[in-house]
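Some structures are shown below for you to check.
The same chain A turns up in both complexes below, where it pairs with chain B and then with chain C.
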Partner chain A sequence: MITEKGLWHRIKTRLLFTGPTTFIFTTVVLIPFLYGIFLTFTDWDGIATSYNFVNFDNYATVFQDTAFWQSFARTLKYVFSSVIFINVVAFSLAYILTRRRKSNIYRTGFFLPNLVGGIVLGFIWQFIFNHMIVNAGKYFGISLFESTWLADPDRALWALVIVTVWQYAGYMMVIYISGLMNVPKDVMEAAEIDGAIGWRRMKNVVLPLMVPAFSVCIFLSLQRAFLVYEVNLSLTSGGPFKSTELVSMFIYNKAFLARDYGVGQAEAFVLFIIVAIITLLQVYFTKKMEVES
Partner chain B sequence: MNRKLSLVSLLLILMLLLAACGGNNNTKDSSNGSNSTAGQSNSNGSSAKSDVKLTFLNSKSEIQTQLEDAVKVYQAETGVEIEIISTGNGQSPFEKASQLYAAGNPATILMLDPADVPSFEERILDLSNEKWVADAVENSTTVVNGKVLDFPLAVEGFSFIYNQEVLDEAVGGTFDPATITTRDELKALFEKIVAIGKQPIHISPMDWSLGAHFLNGLYANQSTDMNEVVGFIDQLKAGSADLANDTVFNGLIDTFDLMMEYNNVKDQPLAAVYEQGPEDIASGEVGLWFMGNWAWPNIKEFNEEGQFGFLPVPISNNPDDYGNTQIATSITKRLVIDAEKSSAEQQEAAKQFLNWIVYEPSGQNFLINEANIVPAFNGMELQPQDPLAQSIQSYMANGKTTVGLNILPADHWSNVGASMQKYLAKSGDRANLAKEIEDYWKKVK
Partner chain C sequence: MTSSMRKTWGAVKGILLFVVLLLFISPFFIILLNSFKKNKEITSAPFSLPETFSIQNYVTAFEKMSYFHAFSNSLIITVCSVLLIALFAAMTAHFFVRNKTKLNQVMFMTMVAAMIIPFQAIMIPLVQIYGSLDLMNSKAALIYLYIGFGTSLAVFIFHGFIKSIPLELEEAAMIDGCSKIQTFFKIVLPVLIPTTVTISILNVLWIWNDFLLPSLVLIEAKQRTLPLSTFYFYGTYTADYGPLMASLLLTILPVVIVYLFAQRFIIQGVMQGSIK
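Let's look at the complex of A and B:
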């Protein structure tokens, strides 16, 4: 219908639907993003009214900054474990909940943590890790839990992973549930008649048909884990001795605490490129794995 | 027809949005214009109007409620409403202030750390002509290009806080802080506290406490001459200082080793939260706590009647060494007035508020009695009532103070604080600590 009208009319229609979002996207995403890239070529400290151009010095600093790459390596470790655990837990929950009736209360329950904001979540879990688990550990004499995980540089990152999994598993579960329910009944019946049940049916029928759901969930968990900040801040605030300072927090501290806005921005831009490459690759490969029923 | 109508209305909304943005710019320009003309009006005039509303960025979270009460009193007296906004948990005043400026919505009065003030020079008001400048104690304001930029809010001191009751019992008599001038005497005191079945000391493991306050001694105790302190820092920046063989560094860390040995939470040194410190010292569970007088409101919650005071942190066994009989003090919080976005009326009212703090009885009452701040002004009628403030004032009166440095870089506490935490948790040895501090300074521009 649109094609029947003239060019101007088509533009008007497009503008009606996409105009407001384009306007908002431009003002709050595109312009700050481009301005941010512009600032990476300056030595601005975040408050001064004037600054100098330093060409690519900030980028050179980024590539020489070992602390940044250490933080990045830490983030990779965190992202890798979070993505795996989130999706394993979410898929298991979804699988169990689609096999039983009257599971709405459980679905709601598992989804709830996602509705609690990251900062609040961090403080709740800080209390749990610092007091409840420690007291329980002492009571039952479990040495693993007798000291708080948050003060131990080896375990604090795992505490962060646990909280992240708890936060996102419910959300991903909802996506997996819809994926599982959309597996066509006739295909399942056909598989059953052919004698494929249990793990065989799961591996050869259900999982291949679920690839779109996996693709979405892995993308979302990857992207969220890479850019995590508020849980990191409120749960450990990077401690003990910066052993859980993930890359977003590192960049924030670089820009606002060390007042090296240019370098901070450059690091943020490098992070953006890397995250974009990783997620695009992930989407490309999972897309290739998709099959038609 | 309908579609055309909706398209038109949509365009209208968009235009309104744009107009609203543009409109803001206009008012900003005009208020800026009036700044330059009205900004020179006499600050002593009582031009504060009741319809002026100010905002105040508070970065001293322990006085948040006192401040909120004070502005209510102020509003009742003058009709000027002041809204208090505060920095977030763990957020530095600079972070918050630069965010507010970036958003084009700075507070009228901003409470900054001393080192931050010069970077705001172009955006804040010149306070040179204010009456209180003459009454402020020496070197308490930031002067850039001949302009006084800030109002000194608080003198703060940090060292060992002691609980008189516990130490009286430990030494069997009245404890006199002047008797502790060497590390061995401190150790003997710790032993005496152990002997009465109490814990000697609590170490708060926060990076700001260890980095900004404990390690302050590393620089400040180098010399009584400020130029030599600056010289030492320059050496660190140049990478030519050798911390591993530095007397002050080794002395300070020897004392820290002693503190770690007698720490009441030494099984899990990093698990302690700030709130445990005031509780432990106030209840008499420990005899000493390394902290500053800002902790008084927290201690008071547990023990209002108790006697507390400051004890120097000895860094050697020679009682005459600099730092062994002194506690560190500095003027830690500065108030500045925004000159960029605030109207002339707001700036005038903000100046009046600063005068109110120094010269009006109710303002002094807030500063000294309610907020327990040691004022940075001479000739105030009220005297601090809390024991920690009194202890600081007596050290100041005797000239027994070292400098709480405000020339350290903004991310110093966070980085060296992390290194100190590592040392405290025994995840790194002294050589590693020295190396990490040296490495930090080499990266400072």
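Let's look at the complex of A and C:
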């Protein structure tokens, strides 16, 4: 009797403590994920109640879908530039701010864009690119700015990069600041006594100790840039002439507008695999570069 | 370098940094400035100060985007999701740390591993499953989904923190006759408050501003959250710049007000949340 009551009691406690999360997590993340893999082998169109198995046909379609790979190449270009600029700007700001006494107002200001959603940020910059910059360009006679970048297939992607850098630089800056504050004072002083100042101190002391912060920031910016959707939607909605249609938007349109769910899901899955490989490789290599102070 | 030169150089650097800051936050001021102007003024002279200050744009935007409705939808969804994620995740993480069975370790590892799955890889089957079960288009469904997506990270952060709480604290409470549940709520939960604040801040920033998930779930106009109603308002009044500027500002305003009071916590929350 006692053991039975004990068992029942144990199950009750388990259900109470882990039941809600386990159930919700399974139904919201695990099952759709597994079902999604299953969907990639069907030709479901989103409406029909029945569908056929098509084996690897969807994946074959994905690999032959030049529009998808064009969008992917565009995304790579966008991710690469965004990640570099975000981290250069964020680290520079953090480095300058940690060496000043009164830096609170700066931190507050640079972080501000992160409080606002991508949709609103995109609309704000749409106005700036279409009106403010064009107006100023005409006034000062700078031909580069006289027509809007958002209507120019060669420049629209760069407009998107600018907004992304502006959006995330403050967030990454905060992480770099906490990394810089953890660089021990005595190490810095020892470096100074040994004659390492300026660039040499930066290269030989600060940067190696900051590898964990770089690891986190590059990981976060890679992930966010690869999966960008909201700023993309509200700033350019993929235009002009699909020149800024990044891969998230491509998949969304494939599935929900073209109603090609099987292929759309296969593309989403390919995207997931590629992003997972790239970010895991990045974390692996930056982990190897870490040093003890 | 002489000390006076160094001082001037320091001042120049200070001014440069200040200019960078102004450029950085100028987009918000540009929107603020133009939100008081008439359409014609906005397109012809976007840099000038408004000729007459008028709040007409705000009145229009407030009505047309049903601001009050959207705001309360956002508020209900964010508050419920954030509180429930924190409570459920804290309980689960606590149970995992204190009962190190094989099953629990597998469950924990599954949750951690799932963090790498992007939303885009789930959204299509998610819409299909929940659509066919007719569970879409309600705030409750959206909150349910947010709990599902927010669980992994929250359990992970709590797990790391609970490991550092001494077991003696809980044992003492148990000896005094507390049940597991009482121990959790009376002893463990109070210790977890700082971690809960960190997790909740990250979740508020995410859920309040999220667009893609609610745009898939909430179809009816009266269910829309703030980002959704801004988006649809923008789609319907493309050339009506005055009200558009006002609507952007109205959407930003609540977060900025909270930020002014809680900025220290928010920035600390981001710092702590990143160290994982």
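We take it that the second predicted complex is superposed on the first by the 269 of 293 C-alpha atoms of A that agree within 3 Å, B and C clash if a C-alpha of one lies under 4 Å from a C-alpha of the other, contacts with A are read in each partner's own complex, and residues count from 1 in each chain.
Throughout what follows, contacts are C-beta pairs under 8 Å (C-beta built on N, C-alpha and C of every residue); 3 or more make two chains touch, one makes a residue touch a chain.
All values derive from a computational prediction rather than experimental measurement.
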First (chain B), second (chain C), both or neither touched by A:A136: second
Partner chain in contact with A:L209 - chain B first, chain C second, else both or neither: neither
Touching partner for A:N253 - first (chain B), second (chain C), both, neither: first
First, second, both or neither for A:L16, with chain B first and chain C second: both
Residues of chain A touched, compared between chain B and chain C (which is higher): C
Chain B versus chain C as contact partner of A:P153, first or second or both or neither: first
First, second, both or neither for A:L220, with chain B first and chain C second: second
First, second, both or neither for A:I124, with chain B first and chain C second: second
First (chain B), second (chain C), both or neither touched by A:I86: neither
First (chain B), second (chain C), both or neither touched by A:F241: first
Doubly contacted residues of chain A, that is, touched by chain B and again by chain C: 16, 20, 46, 233-234, 256
Chain C residues within the chain A interface of the complex: 13-14, 17, 21, 24-25, 27-28, 30-31, 34, 42-43, 45-47, 88-89, 91-92, 94-96, 104, 107, 110-111, 114, 116-129, 144-145, 147-149, 151-152, 155, 180-181, 184, 205, 208-212, 227, 230-231, 234, 241, 244-245, 248, 251-252, 255-256, 259, 263, 266-267, 270-271, 274-275
Residues of chain A that touch chain C when the two form their complex: 13-14, 16-18, 20-22, 24-25, 27-33, 35-36, 39, 44, 46, 96, 100, 105-112, 114-120, 123-125, 127-128, 131-132, 135-136, 166, 170-171, 174-175, 177-178, 216, 220, 223, 226-227, 229-230, 233-234, 248, 251-252, 255-256, 261, 264-265, 268-269, 271-272, 275-276, 279-280
Residue numbers on chain A that touch chain B, as the complex places them: 12, 15-16, 19-20, 23, 45-49, 130, 147-148, 150-153, 233-234, 237, 239-242, 253, 256-259
Chain A partner contacts - residues on chain B that touch it in the complex: 3, 6-7, 10, 14, 89-90, 92, 94-95, 97-99, 101-102, 119-120, 122-123, 205, 207, 267-271, 273, 409-411, 414, 418-419, 421-422, 425, 427
